[in-house]
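Below are structures written as structure tokens.
One chain, subunit A, links the two complexes that follow: it is found with subunit B in the first and with subunit C in the second.
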Partner chain A sequence: MTVTSNNLKDNAKLFGDIFTEAIKLELANYDHKTILMDLKKKFEPGKLTPLLTGQVSIKAAVNQYLTGNGLQDTIEDKTGIYKHREWRGPVDTLYDYVKWLELWGILGKWLLKHPVTNVSALLRYRWMAAYLTTPSFFDHNVPGFRGTMLRAGRMNLNTIAKLLTANMEDIFSADLNINPENENAKKYICIDAYMPKLITAGFSEHQGILAHLVPHYLPSIINHHLPEHYLDVTESYGVPADVCGLPSMESGVAIEDDFPKIGCCYISTNMPCDGSIMSSSILDRRFQLPTYVLNTPMRHTREDTQEYAIEELKECIKFMEKHTGETYDYNLLREACERWNEQNALRLEKWEMNATDTPPHYGASNWMYRIFTYQDACGSQVAIKNDRKVNKVMRKSLGKLRKYPQQTRHRAVVWNTVANMYSALDEWLLNCWGIEAVFEFIEHQGHRPIDTATVDSMLAGVAKVIQEATMRVHSKGGYNAYTDDLWLLVEQYDCDMIVMFDQISCKGPAAITGLLEEEARRRGIKMVWLKQDLVDARTISRRDMRDQINKYMEAVMNETPLDPTLRDFDDGESW
Partner chain B sequence: MSKYFGGCDVGSTYGKCVILNQNGDICGHSIVRSKINPVETANFALAEAMAEIKDLKNAEALSYLVGTGYGRNKVPFADENISEISCHAMGVHITNAEVTGIIDVGGQDVKGIAIDTDGTVKNFAMNDKCAAGTGKFYEAMARAFEMTLEDFSKLSLTAENVIPITAQCTVFAESEVISLVGDGKPRDEIAAGLQMSIAKRCFVMAKKAGTDGLITMTGGCAKNDGLKQAIEHVLKLKIAELKTDPQLMGALGAAEFARQKGMVQVG
Partner chain C sequence: MKDLKHIHYFTALLEDANNELVRAAKKDGGIAVGYTCYYIPEALLNVGNAFSVRLRAPKTGSLDISQYYMGSMNCSYVRALLERAFEGGYHFLDAFFSSETCQQMNRLVENIYELKLIDNGTFYHSIIDAPLKISPHGIKHYTNQIRTHFLEPLRDQFGIDISETALRNAVAEHNRMCAIFEEISELRKADNPGITATEFHILNLVSYSCPTGLILPYLEETLVELKKRKLDPKIPYRARVVVVGSEMDDYGFTELIEYCGAYVVADRYCFGSMPGRQQIPINDDEDIVEVVCRFYLETNQCPRFMSQEKVQERRDVVKALYDEYNADGIIYEQMKFCDYWGYERAVASFVLHEEMGIPTVALDREYTVQASGQLRTRVQAFVESLEIKKIQKAKNQNEGEKK
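On to the complex of A and B.
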């Protein structure tokens, strides 16, 4: 079989044929089981071989392994397309391949279940195209991985795919943009970007949906060029160009009417930054839903603000009850909180394991999973099941010689807002320079257990979860909420380095730059500042980001790359 | 036969080249305006520097050549390329070993560099995403004043007062300057305000890099007397003078690296 990127085109054609056929069958009112049976009849298994083998070329992969070339040699320049699957040794290659097939299974099952709806969504929403690249995107988040890192990484990524496809199924089934006569639309409560959906767990007939997650947050991570269009839309609308890219992109999605039209009401919050205040005003006008702004205390670390937080939460619940017409069931909330507690305990165990001398799993497949499960899948049985499995694998590896990474030089905390447009930065740091990014800023949301003894104690716990949500936990509560956690983690994880994101459109942290520098110097910690523009690769590209690290590692650390093929390469045209 | 070692610094606005002999003496040097193609800039700078040395016919005859600057990957015949941060540190170190901090104001970026006792880099901070406080900024301001760059750099020296410039951005600063000139404000005082705003920016870079002790300036803008005076005012200390042209520090450092590596190679 010939190698590989050419096969992508063949595969895409074959996939298109199957999909077109599936649509025809669905239009003929077939159910999905019948569709699958008919597809099996029409497409002989032999014809599906290229689709199943994908980019695998054993010959090329083994050659790469034997000749000892670097990781970048497996990838085409500029486009980032894999020339062939990576050879990781027989066991790990097989594991990786099986998980890759499993991912295709998850995606195929979802696509074929409701082909008409999904094609409609693909045609209706620009951001949907980004999800077509998911398999390759996942491959890019486990480069070089072996052993526990590979297993934990792949399990997390496939669980995200499972949860995400279920999420999409809910959204599109209720979306008035796709089906204007939809009765499901009112079954959902939309929630803003800075609040876990645990708050809606007390309803049995209604479900929370994170309005931002599917339309813009995840696509901005998957395809680093996608935000450009929405950023331009926002700027054309009259918003200044130097606003933080994430709320700017969110606004662009709203201005283009690219948010699914669902929900009986919208729960917003007092926002953690100026940019998000701007975007929430645009979203509010576009959604045209009854909105409740849940004001969470800014000084969330102070106990005397908690009474207010609980009262606000109660008011919010009353609002949701009014607009859903359903009574909030605290027993359901209790069950969800107990699941959340289990999930949290498993997360804390992961953190403990990663603080050892041989951290078993970290990087994009860890932090993306963390943010996804904290915000969207909090208390999800699917996520908990995966957490149990992953922790088991991680536990087994403790104290043993690691298969991967074999050579490391530094342990780092990566602090400040993660660059959506370069999710696989941690993997590059590890493979190119041997820097283990054992802890990511974005992982560090609230992690206290919720006391489920009484309704009040439970609400206090949920209120705390909201106050300690993504971004808010470190951007509010005084400057030391941002700095103290960093030094604590540096100590706990025994780090000798900090990779500090300098998000150029976020002016707030700039004020405490000097404090951080001085403290790092006092502690003898190497701090590398990494300029990035969150979702806008036009301002600072991935290559520019790598160049900043290269300069630091060469000029200050006097080191040479572990894998020279990764030092400088062009991935400007990749997704 | 003499052996020569070259350093070629392909910057965004100027290409610089320094050629050293075995003893580390500068035998040839050049500063040329950058062309659109960095390879051409490097060739031009190399040719100009080599023209000063009779027994050096071409770049291939150099025992070792190090490329640096933003176009360092494009230097023909280079044996190696090294980041301009390391090269500036080394260049300054061999010129004045007592200096421990550098403010490098180049054509399109500003850097603060802290140097260790052996000339290696302790830390650095840089701004290369904004033209404010760079040579490009000066070009824009000189244009707004309808003056040559050289005249503009001296304009602030005669000012009795400083008119604060609020805008940091090159584009906004230019329009602010035009308004002030239109209002009839003294030009030297406006220029002093500009120099002060850039000096503050340089101060931030130097502080971020953790520079302390004796500080010097490198890069083309180190020849700007007004900026030098403003930085001395902001830092409240005297900028250390370098006996070699500060614009050549990157190329000199690269040449020194070439000399050290070349001597080992040659034996």
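On to the complex of A and C.
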């Protein structure tokens, strides 16, 4: 297959855009022309009247100048580029700014550590360009945030950046596409991204790498137009357009030879869904590595499938031992499982805190972090350190008046697969309509502690962690595996609303549409269906998604937006 | 050729899932067990007075109700079955056995159960966990699932004898039926076959849709008739094709292919005879359930078997059929919205065409196909291309001989 992704021109242009945006953001507050234009626009004589007559406080007037009428005023139409950094009050703005600088520091450190390799990767892989937009992407995932939510969000995001850059460093240092003579390649075990990396924790000289995470999963979230090219590649190959976009995109990455060439073997899996099972056969053809298919039981909630799950795990370990030439060390696994247990306990505490009247943990910065740490950084010291810090900050805030959000109207569970192409949907729901998404489907993975008393009990626990991986925990196991948690969470989190994603190519949930609707009606819960196409914004754009919510909120709920600037805007050309 | 004696009776049996023979078996106290997939070992379901019915939804029309419950992006097979269940077409079922192999079939049985669409007080359903690769512990797991989710409930719920002897009798009966099909299938290898592709499809469908014990005498008689059948002097087709793909229980599709001038020499699709109508080798030493389960797992050609050796095996099986049955091309068909066959069709048709050099066409279709003009055009074009290839090949050979 011809390699077509060395798209120097596109990447250079994008790099230029990023650089310009960074400079703009840096200088925005000092750009005299912009300030003058803003002053002219904002301080119209008519606007001063309420201030002079005392109808508006000076604080509110200053705030209005700094943030406009609403959040969307700080953002350019279509491109979604920030005109200037968001004003969140002196303390929070400073905090946000410091964290933003810290992010640039993380990225700069990574870039400068191996400049040639990283630039080679940028020129070799189309998806690499998406990562250039990371600072902007992170900004878009904490809009309006103040106080605890801002701190938790920013800490999570920067931890993702730290872990991600470390991941990239490993991948590129071993990638045969970048350096064909690379001796590091064999030090890694490629793993399907839907399987937690915990299974490779028993090796000291070999490390697991989630094959899909860096090349396709994260880029699909960061740049919502990036998947389009890869989807087209897959469809040109003959795969129907109705299959789920995520495996379709990963097939496209494989067909384009855009996966890093790395690893001594590959652990494939049947998770999370039918589409993913099938795209694995395309990946296998491309990777050309010795492959073990780790078959996790479909009916994972049943006890009578666990023996098989454990046997599969044991066989997988034997396979890895064979291809790495290293003996699996169960003491190392035990240590990793104990760290996982601590991570899990901290996560459960987060969930408990979010069940209070003032949930402190919110949105994409939360669920992305959860996916990342469940799948990739399970048992990572960096992640645990961050979890401890975040929980400490959140604990302190409990019972106190929240700085943000000041007003909410509904508490919602957001169910079914999150739309990668619109990561900041929860933030929009909150800022525009006051719908507080207190629980996300995508963060509800396995959460039972692993019993590390014996090797067998530990393997049983790891097997369960695998079976209850991201999405998989609900996508398989029968109708009840999908719905029971939903109804339970609605009660536990005292929700009055469900935002139900209708991911149009996700067959399993679609096939119980009627059952869900009838049950929601029976329970008297307001459920809004939100159509989305996961990674393809051409089918249903972000604006289309907002429109569906707008219509529901106006026509059914008879409400008006909290922030009218967010009701309808065009972000079709943004990342 | 003269029509087969029972062919019109067979087509009448296919008009309704609850057909004459099913009704007769029920009247005799039979326990009707519905299923939809090769993962459910048919040979074991016909134990004692239980009998299997692979579910179809003949004469499917509007799918409005099932579309509300299952959405429009699920395959029309499961939607058609759900619609028929809403219409009361499966009240005759005593049990419905399924596996979570494809999500859509799994959801079908869940909808049927949750919505209480089978008006039968003793209705029982169960869904097994089926592995998607072959390994000793996988076979053990699959065998346990079959035993505890299907066989033991048949005994406990319906009092059916599931002793080793009873199960061996069921497998023996199944093998008798398969032996008939093996002989009939051999006819398809001839240049001028003694059976039309549509007839074969009809015979195959009735064998799945009717109680084995009741359809067997008709099939035995038909085999005798086929052996004596007087052939037409002229070869009745322009090309020979192997059909591979997803669920197909509409013989109208085969009729359409024949109408376009092609003869289906091998049916390697779900609900086809390959696999499904091959005798199960048994021995006296091993547990019969394990032998049967291993056979079903090893011969399963579902694309969800994702390990590379199985992926390669699927290509090899199709290539072997192409060679053995002297075919000119392969039709890969996929029911729309079938994830498994959507990928398999794309990759396999690419590999077979580009890497193995076998003329291959990939088609997608709905559950019922007869009325599809688009499909007809595509099959016609493929048959013409095969014909042109044959003419060119013959021409090249002649020129070579002259030189």
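Here is the rule we go by: the second predicted complex is superposed on the first by the 505 of 575 C-alpha atoms of A that agree within 3 Å, B and C clash if a C-alpha of one lies under 4 Å from a C-alpha of the other, contacts with A are read in each partner's own complex, and residues count from 1 in each chain.
Just so we're on the same page, contacts are C-beta pairs under 8 Å (C-beta built on N, C-alpha and C of every residue); 3 or more make two chains touch, one makes a residue touch a chain.
Because the structure is predicted, anything quoted here is derived from the model rather than measured.
Trainee: With both structures fitted on chain A, tell me whether subunit B or subunit C touches more of subunit A's residues.
Mentor: The larger set of subunit A residues in touch belongs to C.
Trainee: A:332 contacts which: subunit B (first), subunit C (second), both, neither?
Mentor: So A:332 meets neither subunit B nor subunit C here.
Trainee: With both complexes superposed on chain A, which partner does A:558 reach: first (subunit B), second (subunit C), both or neither?
Mentor: Only subunit B is touched by A:558; subunit C is not.
Trainee: Taking the superposition on A as described, I'd like to know which of subunit B and subunit C A:539 touches: first, second, both or neither.
Mentor: So A:539 only meets subunit B here.
Trainee: Contact-wise, after the overlay, does A:273 reach subunit B, subunit C, both or neither (first, second, both, neither)?
Mentor: second
Trainee: Could you say whether A:455 touches subunit B, subunit C, both of them, or neither, answering first, second, both or neither?
Mentor: Once the two structures are laid over each other on A, A:455 reaches no partner at all.
Trainee: Based on the superposed arrangement, let me know which partner A:116 touches: subunit B (first), subunit C (second), both, or neither?
Mentor: Neither partner.
Trainee: Considering only the touch criterion stated at the top, classify A:515 as touching first (subunit B), second (subunit C), both, or neither.
Mentor: After superposition on chain A, A:515 lies in contact with subunit C alone.
Trainee: Classify the contacts of A:504 with the two partner chains as first (subunit B alone), second (subunit C alone), both, or neither.
Mentor: A:504 contacts both subunit B and subunit C.
Trainee: Let me check the overlay on chain A: which residues of subunit A are in contact with subunit B and also with subunit C?
Mentor: In the superposed arrangement, which is not itself an observed complex, subunit A uses residues 504, 513-514 for both subunit B and subunit C.
Trainee: In their shared complex, at which residues does subunit C touch subunit A?
Mentor: Residue positions touching the partner: 68-71, 73-74, 78, 100-104, 106-108, 110-111, 114-115, 127-133, 135, 137-138, 140-141, 144-145, 148, 303-304, 306-308, 311, 334, 336-337, 339-340, 342-347, 349-350, 362, 364.
Trainee: Enumerate the contact residues on subunit A facing subunit B in the complex.
Mentor: The contact residues of subunit A facing subunit B are 504, 513-514, 517, 521, 529, 531, 539-540, 550-552, 554-556, 558.
Trainee: Along subunit B, where are the residues that touch subunit A in the complex?
Mentor: That would be residues 82-83, 85-86, 89, 120-125, 129, 207-208, 210 of subunit B.
Trainee: Subunit C touches which residues of subunit A in the complex?
Mentor: 237-240, 242-244, 251, 268, 270, 273-275, 277-282, 284-285, 291, 293, 295, 297-299, 302, 304-305, 307-308, 311-312, 315, 475-479, 502, 504-505, 507-508, 510-515
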